[in-house]
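Across the two complexes that follow, chain A remains constant while its partner is chain B and subsequently chain C.
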Partner chain A sequence: MSASESDGSGLFRSLISPGLIDQLFSFCDDHAWTLLVIGTVIGALPPILGLKQGYYMTVISEMFLFAILALSWDIIGGQTGYPSFGNMAFFGIGAYTTAILTKDFSIILPIAMMAAAGVAVGSAVLIGAAVLRLRGHYFAIATLGVLLATQQVSRILDITGGASGKILLQTPSGTVFYYFFFTVLVAEAALVYYLSNTRFGFVLNAIRDDEKKATAMGFNTTYYKTAAWVLSAFFTGLAGGGYSLFNTFINPQTAYNAAWNVELIAMALIGGSGTVTGPIIGAFGLHVVIEYVETAFVGWQLVLLGLVVIGTVIGFPDGITGTLKEYASEMKYYERGGMAATDSNDSAEVASDE
Partner chain B sequence: MAITQFVVNGLLVGALFTAVAVGFALIWGVVDIINLAHGEMVMLGGYSSYWILNFLTGDAEGSVTLFLVTIPLVIGIVFVIGYALQRILVARVIGTDIFLTLLVTFGISIAIQQLAIQAWSANPRAIQILFTDPSLSVAGIVIPKMKLISFIGAIGLTVALYVFLQRTRTGRAIRAVSQNPEAAALVGIDVEHTRAVTFGISSAIASGAGAFIATILNIQPQMGLIYTLKSFVIVVFGGVGSIPGVFIGGLMLGTVEELTAGLVSSQWTLAVSFSLLIVLLIVKPTGLFGEETA
Partner chain C sequence: MIAQRWQVMSDVIKNSARSSLNQQDSEPVLRTDDVTKRFGGLTAVDAVNIEVREGEIIGLIGPNGAGKSTLFNCITGTLSADDGRIYLQNQDVTSWPEYKIARAGIGRMFQETRIFDAMSVRKNLLLAAQKGDADIGQLLRRPNESLIARSDELLEYVDLGGLAETRAGQLSFGQQKLTEFIMELMAEPDLLLMDEPAGGINPSMLENLIEYIRAANEDEEATIFLIEHNMDFVMEVADRIYVLAHGERIAEGTPDEIQNNQRVLDAYLGRE
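Up next, the complex of A and B:
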């Protein structure tokens, strides 16, 4: 269990004890809404304080964008336990919707954004009806197939501009996108946090842990997992809707970016999937690293991404949040008597569960 | 007439798909993971053959015999890679969440693919096989000689794997591990080693197919994912754990793709095969020839 990762860290343990981390977690739990408000204020400040449009604003906006994507993935992948490898399909659908509506039909941006989310939700309902019947390996590959199929369709159609894509010239300033991505992120984080303490969130976690039991308890699991899938698609589509104009260019490669598809899963996993803060922390951290590697060692960022994914999965699959939580719970474990408190029956049960 | 030609083309290509997919099915059956890096083994096979030929002749051109000589080398190289990947990386996540096993192979896939781009650039390459007369014509149907040789080669690889699994001691060990790893360990089979050998053999067969693919289509670092997905479609068509099923599934997928390409447009092949897959998964999740056990 946690023994391997804490044995060699005597110094770390004496500086930051499990109890301290535990206090931190309970503090965050108790004051989650306050912290969210503080975070919102801090996040809203930079442009007001004079962050100019340019490289740093783009990077920060992208951090928000990736946090939205990772958090959206986590609703279906982390909370509900359906490992989707096709979330970028909704991103692409949203991106193309705003691109087409604003360029070809001269529809104003806010309406185009709403349409993007709407189209993403509509496709999610249709696609979900087919793929959500599958589980495990089959679900993962089917969603990957959906991603490739939608990419292929946008390459063929005329309205999407085919393989060469669309160039979008009339776009709002970077500050608008900064606040757009930031607002969506805050709204999503608040919603996911709220839901995780409601019946809805608990049912999603129940589906993840044992779908058959959840069904047996009388929950309409199809309804719940479709709702989670649609929610995930809604925010992904909205982010995509903003991205096409933010990027001023869209083609099948950028809209259904296969690298991002892995990145957002990696972000959720590194931060700690199944939590609210995990995917956001993971997205901020990994994006900064990838952005740095991309500028310093051009072309190596995806090699790094692959290695990071392998390393995370093998090294600490619970992610930062999950690993810290386990570390924090050690304190309680020893307070309650450690191994001595567990009688032989319990440990036999644990062993048979493995 | 045109339709017969498409079907023949489909069968010729389908045999290569089969050779790629049997390895995928074998790993799925024995190690119980979906190897998302399987397509990368095809890619590595293609490139190994390309570079060996390049080393021997100065450019990637050669006679059929010379090309066939590279195949055992390619198979050997990729076997070692596959064995090492299983032993060092994949073995650590076996028995955990399915999602983690998928991600670790996905990570391997990206890393190999991107390293290949760094090493060999993203440009497509192909092996040129020199013939005096490149095509045969039978009753109005054109059969390129290289496609025919690839067809025979691919079937040879598949049959060799089948015989290996049925007849040899290692093959029996692999089947034993696939049926019950604990019981296999009890009778003295080194399960970890056997799984790694399975991974190596699967990768090796895929790389052999990759070498043939390099002669009739082309190869590029990012080709892998498509072959992984094709393998998945084929294995689901045929049913997990059935080599004859995979064989028929591969020929079917090849035919369906060539017919779509010929009658509609080559752009739609992927969408059509995936729609078929999703329909099949919903209607008959065990595959056309699969057994009922999960």
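Up next, the complex of A and C:
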């Protein structure tokens, strides 16, 4: 019995043919840039068509924000195989950088945003030099330690406003943040998709699958891991930079939110880590579920959210995108003759030579 | 059919006509001078001298625990030698990091097959072809058509055509072994270290593997240094053989000489 037969993907066999899924993925691969442009146009339309500042615009903006964070986590966690529980440290660093620069130094927003990403990148280089020597659980725990440490630093410094944080009243409109988060998401998705088919992207995946082999093949894995970590920090810091003003308030709990860190990992895993669309689908889907249960089932939201996560992980062990891909690929393999193909052909050929 | 395959292999991977190489006079690709590796009180590799010349297929045999894989690990930089020097193409690489030694032209197949499970077979091959130093432009460039064509041809050659987009982890053990082998061919190494290439594969595939190794050696001009426990296999494929026992080099010679060496027989029978 194959792995997928024992999980929820068996359901697909009776509903959708693997050939159809394979064709769908092939179509998406062949027309990825066209689909990205179509998605960009569709995503840009709502405010133009009359979506006003308010609840729905806020929810959609947050969907974009979480998609950025999940996709950023996936660069280091999914593509490279280093499960970071500390990515929110870069979010907090970015958030405080923008808050301090705009409120205390009256720096204009675009420069403050770039500074937020820059400081996050600088921090990633310094932190990465220490934590990227670790692997697996050790790396996860070390990064969680980094998150808690940075949170504590912001709690004791005066410039960050201590435990009370900072209130930011002079902020742009909701539409500005809608387009800011949306633009960052589109740029990040395009970059990650492009990189996934380059030598850089291949090496990240190789590190995830077998770092020892990657090193034996001549790749200086430290260099690639650091680059992935920095790229992840850049987008997370940028998102954090936007968030402090979007939220009009920042304090250690909101900026360095460990629960959010777990949430964005769940988003990437549920959607399908190691893919471009997976973390985005996961972020959109899970955020909508969170919003719904928080308003419709007050008091039960965490229980229901937990059940959704458990159900999805059982049904889709490789995430939605990953499980579908695995299903299509596996069926294609067996249709070709599977494991017997090479062996039987070889036997026949050897026999004929003799 | 085998003859046709030889022709295909020649067309696929031959980069230039093989010169009439006199292996005895050729330059050593690899030389170890008194390489020693200790683990606490145990000397796993004891002052071992070997020389692998360009164009050769060299076997390394010995009973379990003789130090064969440890010697490979010292050569590739996975372990650092405690004493002695290692020269690759006459360059002293003893203290080089592993990735730098690999970039200098060493390919390695591991005892347990190691490919990148979650990546497609094609991505495994394209990655293998692109190792070495790279500037930012090369890092961000997509694989060119010639590399893709070469990967297709090598896959066809080892009967894995049609599996290019399959996740490598889905392949059978034998198919993974062949994938790892052609990954190394994609990289065009000067020296290919193979740790038990015949381990765990069926007899019919073994026949083909011998042909693939010879073709890689002759057409690809890959010098091959392999560890093997399958005596029939190593005697058939190797030009010369080194024998290790208890970390020491106890013999060196042609397959005929090794088969008739009393010290080697004693070592395998546990008399040494």
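We adopt the following convention: the second predicted complex is superposed on the first by the 300 of 354 C-alpha atoms of A that agree within 3 Å, B and C clash if a C-alpha of one lies under 4 Å from a C-alpha of the other, contacts with A are read in each partner's own complex, and residues count from 1 in each chain.
What we mean here is this: a contact is a pair of C-beta atoms (placed from the backbone, for glycine too) under 8 Å apart; a residue touches a chain by one contact, two chains touch by 3 or more.
This one's a predicted model, so the numbers in the text were calculated from it and none came from an experiment.
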| item | value |
| --- | --- |
| Touching partner for A:A258 - first (chain B), second (chain C), both, neither | first |
| Contacts of A:C28 with chain B and chain C, given as first, second, both or neither | neither |
| Which superposed partner A:R208 touches (first chain B, second chain C, both, neither) | second |
| Which of chain B and chain C A:L157 touches, first, second, both or neither | neither |
| Partner chain(s) touched by A:V37 [first = chain B, second = chain C, both, neither] | neither |
| Chain B versus chain C as contact partner of A:G306, first or second or both or neither | first |
| First, second, both or neither for A:T198, with chain B first and chain C second | second |
| Contact residues of chain A, present in both the chain B and the chain C interface | none |
| Partner chain A, residues of chain C touching it in the complex | 1-3, 76, 78, 97-100, 102-103, 107-108, 110, 114-119, 123, 126-128, 130-132, 134, 138-143, 158-160, 162-163, 165-167, 170-172, 174-175, 178, 187, 202, 204-205, 207-208 |
| Residue ranges of chain A in contact with chain B within the complex | 77, 83, 85, 130-131, 133-134, 136-138, 140-142, 144-146, 148-149, 152-153, 155-156, 258-259, 262, 265-266, 269, 299-300, 302-303, 305-310, 313-314, 317 |
| Partner chain C, residues of chain A touching it in the complex | 194-195, 197-200, 202-203, 205-206, 208-210, 212-221, 274, 326, 329-330, 332-333, 336, 338-339, 341-343, 345-347, 349-350, 352-353 |
| Contact set on chain B toward chain A in their complex | 28, 34, 89, 92-93, 96-100, 102-104, 106-115, 117-118, 225-226, 229, 232, 236, 265, 267-268, 270-271, 274-275, 277-278, 281-282, 285 |
